[in-house]
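Following: one structure in structure tokens, then a few remarks.
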Amino acid sequence: MAPTLHGLASDPEVEALLSDDAQLASMLAFEGALAAVEADAGLISEAAASAIAAGIAAYKPDNNDLAAGMIRDGVVVPALVAQLRRVIAPDHAAELHRGATSQDVVDTALMLQLARIVPILIDRLMQLERGFAALVERHGTQPLMAHTRMQAALPFTVADKVATWVEPLARHRMALSSMRRELLVIQLGGPIGDRSSFGGKGDAIARGLAARLDLGLATPWHATRDPLVMFGARLAALAGSLGKFGADVALLAQTELSAVTIEGAGTSSAMAHKANPVGAELLVALARHTAGLSGSLGYAMVHENERSGAAWTLEWLVLPPLITATGASLLTAQRLLKALSFRPSSP
Amino acid sequence: MAPTLHGLASDPEVEALLSDDAQLASMLAFEGALAAVEADAGLISEAAASAIAAGIAAYKPDNNDLAAGMIRDGVVVPALVAQLRRVIAPDHAAELHRGATSQDVVDTALMLQLARIVPILIDRLMQLERGFAALVERHGTQPLMAHTRMQAALPFTVADKVATWVEPLARHRMALSSMRRELLVIQLGGPIGDRSSFGGKGDAIARGLAARLDLGLATPWHATRDPLVMFGARLAALAGSLGKFGADVALLAQTELSAVTIEGAGTSSAMAHKANPVGAELLVALARHTAGLSGSLGYAMVHENERSGAAWTLEWLVLPPLITATGASLLTAQRLLKALSFRPSSP
Amino acid sequence: MAPTLHGLASDPEVEALLSDDAQLASMLAFEGALAAVEADAGLISEAAASAIAAGIAAYKPDNNDLAAGMIRDGVVVPALVAQLRRVIAPDHAAELHRGATSQDVVDTALMLQLARIVPILIDRLMQLERGFAALVERHGTQPLMAHTRMQAALPFTVADKVATWVEPLARHRMALSSMRRELLVIQLGGPIGDRSSFGGKGDAIARGLAARLDLGLATPWHATRDPLVMFGARLAALAGSLGKFGADVALLAQTELSAVTIEGAGTSSAMAHKANPVGAELLVALARHTAGLSGSLGYAMVHENERSGAAWTLEWLVLPPLITATGASLLTAQRLLKALSFRPSSP
Amino acid sequence: MAPTLHGLASDPEVEALLSDDAQLASMLAFEGALAAVEADAGLISEAAASAIAAGIAAYKPDNNDLAAGMIRDGVVVPALVAQLRRVIAPDHAAELHRGATSQDVVDTALMLQLARIVPILIDRLMQLERGFAALVERHGTQPLMAHTRMQAALPFTVADKVATWVEPLARHRMALSSMRRELLVIQLGGPIGDRSSFGGKGDAIARGLAARLDLGLATPWHATRDPLVMFGARLAALAGSLGKFGADVALLAQTELSAVTIEGAGTSSAMAHKANPVGAELLVALARHTAGLSGSLGYAMVHENERSGAAWTLEWLVLPPLITATGASLLTAQRLLKALSFRPSSP
């Protein structure tokens, strides 16, 4: 709501990979690869595949028409395919998108996008882990008061405190790494998800498509979204772990404890003496926001029949802000970590 | 995620009122009105108020600096006030924002924005109610099979069916109307919400501010957000009622029932014979999305102390998409209603 | 999960009103009243109404059979009606439940139960408001440090702090009072919600039923649940306000602030020196739990057609724990308030 | 809310393993094993371990006192330890619970309980997978109309339809199996989670404890709950997959499609001709309920400091109903699958 709230909770790198342009590029990659493997499999001619590749290379999107198609059809692919066919040599235009359905395009495009986003998240996690290790190196042996149930408990060390922040990050990182195998797979099912529209060559085409797009192979998953929903749950858990880091920092930074200092902490429009733990608070807010979005994503599990427009659209509404908020959480944690010092005199 | 998904679930009119520009204009309206009433109350001089008004009139925002301030301070107001003070005559610059705190500005600006959004929602509800009345006029006496628990039950009429769609809309409309009194109030508390920063004239200044901004009067509500959370719940309930309309239409439009036709229904990239109930499905998706966001907004109730950065930021993350999705739901329902006919032969 | 967690977050008084016995009694009250008003309206004979009243008075439930019916039919009413008919004089047994549907019974019974629960919640709110007033009387003028964004801000008084705790309670109380008119209404629609099953006398019977059961009159709301969903949102907002009270107390009770003392605070199995703010933490947990449940309840808005088993069942799964948790939150707040003192020396 | 709703959505086998009695037994197993390994490690004497074992064997809980302790301390362990010490030979009573904290007991007990529950869920999944295989054997080659976006699309077969129901189940089953290694671990940290309370022998004691209790070894996870939150997400995804099965069955069972028959479908109190797909609807309701609970569980990630009473209590409020609802979903799916046939004549 604030003019620049978007700046506060944004992640330009991830947002670019979720942008309309990025999706369009991924959908074109799908259509091009599909034509190539369909030619390999003999479903369409080599000439058709070449004409399709040339058409895709020359294609300039008419965004207004795509937007109108989106509203009319609930999915952008019919309009996109129609536009593409107009720039493909007429004899071959009909071979574009042969056997495929809109969901094959959109879901595979999403996977191509996620295949670029997941390594960014993993990389940021590794950077954070290194940053926490450096923090331990600088301050690890300093004594610190542990608190349980909001009460001072017993003294331990900064290293003990940091351990609870960093340990879950390795788990999230490994889970994201292993998800790359399960989650990042092609979607290829045809109209009703049974690959019957590929002239008996559906499985071979699927294998070729996966190889060309460097994605995993999977049976069609038009209506079975559990890997995507579990991906969302993992993102929320990741942001939740960073929210715990933020909550701790905000507590440690309280005036009465002053166990940490945050360089460049927020100023107040009314009270010059304050140093607000802005990044720490933002981590808490993003943890709660992602938890809520992850819960909502769960509602997209109930796909009616072979494709649910309602469930699929819900996924579109929920997943991008969930990914972006997780990315923003990682960026915020990096910033906060860089600014964070434990005060020598504590406890 | 789709290139033009934004188009599918967008509401340009409401989004404009939630934009950075709209918020900035509202914040400037707050600062100008505050200076004027502080001059009326004798807290600052008339000359200061005039200088402030002139400064605000001449002000051109430096958006990069506002964005940087947002990240640094977690709220845009310190940067905004600093920018404004640079364009106010130096003798009077310090009187800008006198006694106020960032939250006074942001919360009151939000209320000015909501004061323009709520009537739009009410107006759309009335249009929908009229549209449903016209539908009843056209088709009301046609017989229709009622269904309970997903089974054909007994015949009734189109009018009976439409009654369950339209009846909740009047409730939502009246609730939004009555909320205008409770919800749309100024925020004026000063740094810690006790109005002690206004030289003993806080209550008078609050009264003047409310009158000038055409908002209700309220004691400071920095940390008590229940009216805003209940507003969010009402929006989700509204979108939920429209989701029920959408779910019914999607069921009635099933090929095997064909009880309704939707003019211009969605086309498929793979199956030319299909007429997908896109708008109906979108209403269901928006109902679920808003329910989830409303639940998340509830987590913003737990404000620590006199102001919680974490809870307040969560509100910023959740409320704008909740409002926009509700607006989009109303637009979608209008489109769907226009396209909807009951088939004479049914049941 | 803890052996006596149930004790920690329970509300025996409210739970009794939500028990199987309470629901059964309310359903019998519905059936008895319905027969009486149907006799008044001439739909059934006076002899039938007397036989039904006698049967209900003599009725002993066969709980195993009710449970089996619940699983078979998804609603207990068919089994209940069958049992009741066996204890009504055979000539009149068929007149029991005349024109009504299961949902008429269950929904009206719920309203009879809520009609007893809402005043309890209101009464507890008033007690809390009085308790906070007494706290202000004892400690109101004591100085206290205000905190914004987790940082010490400026001094104010205990009265200022308590004002943010107590003010929302009056709003919740008034909202619950006004809900009694809108929410607590009979359900009477017959199989498909159009009252066509009452021989043209449906509206008169509904008026009589409302009068006899001391509930409001409403058109059938089988598939329009917004008042119930908004009731749930109000409960969550109420528990949210108490969660804010809890969060503040836990922060004030921190060892390093020691601004409050909680008599009888929790002991630790490992650290004898600790005084854990157990009730304060529980209020926070209940605030978050009720926010989540309220979000889930929103998903029950999308009723397919004239009655959705899925949406209605979801309501049954979510609403009772939401009501009980709100009741437990009020009880916990009362206990915490009684034990709470502000330390004179702070700051 | 219905007298026997509990029956509708219950799971007696799982509920027994989550009962007070089951938790108490698990906590006693923890205390006994801890004493034994502490004697092995030389932290306490063999005589003390024997006295503790004898005391535990002879122990009869005073449930009222445990309940009072729960409310006072927010966790049952202090009261439990006090009761146990009264039945252990006085010379050795103090050695009970040596070095441990309440959370060590409660969390490890939970893992012992989950270690019995998870195999039940896995077993039920395998049974379901077999049941679906049998359904394919009976009806797999029958033609069936596929539906996308709620419209008839193209014909496929029953085997294709069942494939989308059964495929995710194997994923959930394998995920639960692999979770047994990561999730089902001991908790042993002592008061502040650093094992400093075990006289330098904490890691050895932890190893011994894990071996004795047949649980995995892990560093203390008092405040890092991501494996538990991801377990909850998996349960919701599982119930979500079954919800998709339920939604499909309810759609296929519509009177106008009659593609399936459900033996013993629900009767109506008002319409004798109806056969309500009660189990199918319940699966949808449980899918939505578990999605909401899983979202709420995510809020328990933000543990303040070394132990958050608020976050931990939220976990207690949310996890047991989430587990039970998932168990009930599996039972309901089993019942529905047994009753389900595809009609030969469809499409």
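By letter and in written order, the chains are A, B, C and D; residue numbering begins at 1 in each of them.
Following the convention adopted for this analysis, a residue touches a chain if its C-beta (ideal position, glycine included) is under 8 Å from a C-beta of that chain, and two chains touch if they have at least 3 such contacts.
Since the structure is predicted, the reported quantities are computational estimates derived from the model, not experimental observations.
**Student:** Match interface A-B to one of C-D, A-C or A-D, accepting only the pair for which over half of the contact pairs are the same residue numbers.
**Tutor:** C-D
**Student:** Please flag the chain sitting at the greatest distance from chain D, going by CA centroids.
**Tutor:** So the farthest one, by centre of C-alpha atoms, is B.
**Student:** Of the pairs B-D and B-C, which shows more C-beta pairs in contact?
**Tutor:** Higher contact count goes to B-C.
**Student:** Using mean C-alpha positions as chain centres, tell me how far chain B is from chain C in Å, no decimals.
**Tutor:** 29
**Student:** Centre to centre, by mean C-alpha position, how many angstrom separate chain B and chain D?
**Tutor:** 39
**Student:** Counting only residues that touch at least 2 other chains, which ones in chain C make the list?
**Tutor:** In chain C, residues 74, 101, 147-150, 153-154, 191, 246-247, 250-251, 266, 268, 271, 276-278, 281, 284, 288, 291-292, 295-296, 299, 308-309 touch at least two other chains, as defined above.
**Student:** Can you list the chain C residues touching chain A in their complex?
**Tutor:** Within the complex, chain C contacts chain A at residues 147-154, 250-251, 253-257, 266, 268, 271, 274-278, 280-281, 292, 295, 299.
**Student:** What residues of chain C sit close enough to touch chain D in their complex?
**Tutor:** Against chain D, the touching part of chain C is residues 1-9, 18, 20-21, 23-24, 61, 63, 66-78, 80-81, 97, 100-102, 105-106, 110, 113, 190-191, 197, 246-247, 250, 264, 266-271, 276-278, 281-282, 284-286, 288-289, 291-293, 295-296, 299, 308-311, 313-321, 325.
**Student:** What residues of chain C sit close enough to touch chain B in their complex?
**Tutor:** Residues 74, 101, 146-150, 153-154, 156, 160, 163-164, 167-168, 171-172, 175, 191-194, 196, 219, 222-224, 226-227, 229-230, 233-234, 236-237, 240-241, 243-244, 246-248, 251, 284, 287-288, 290-292, 294-296, 298-299, 301-309.
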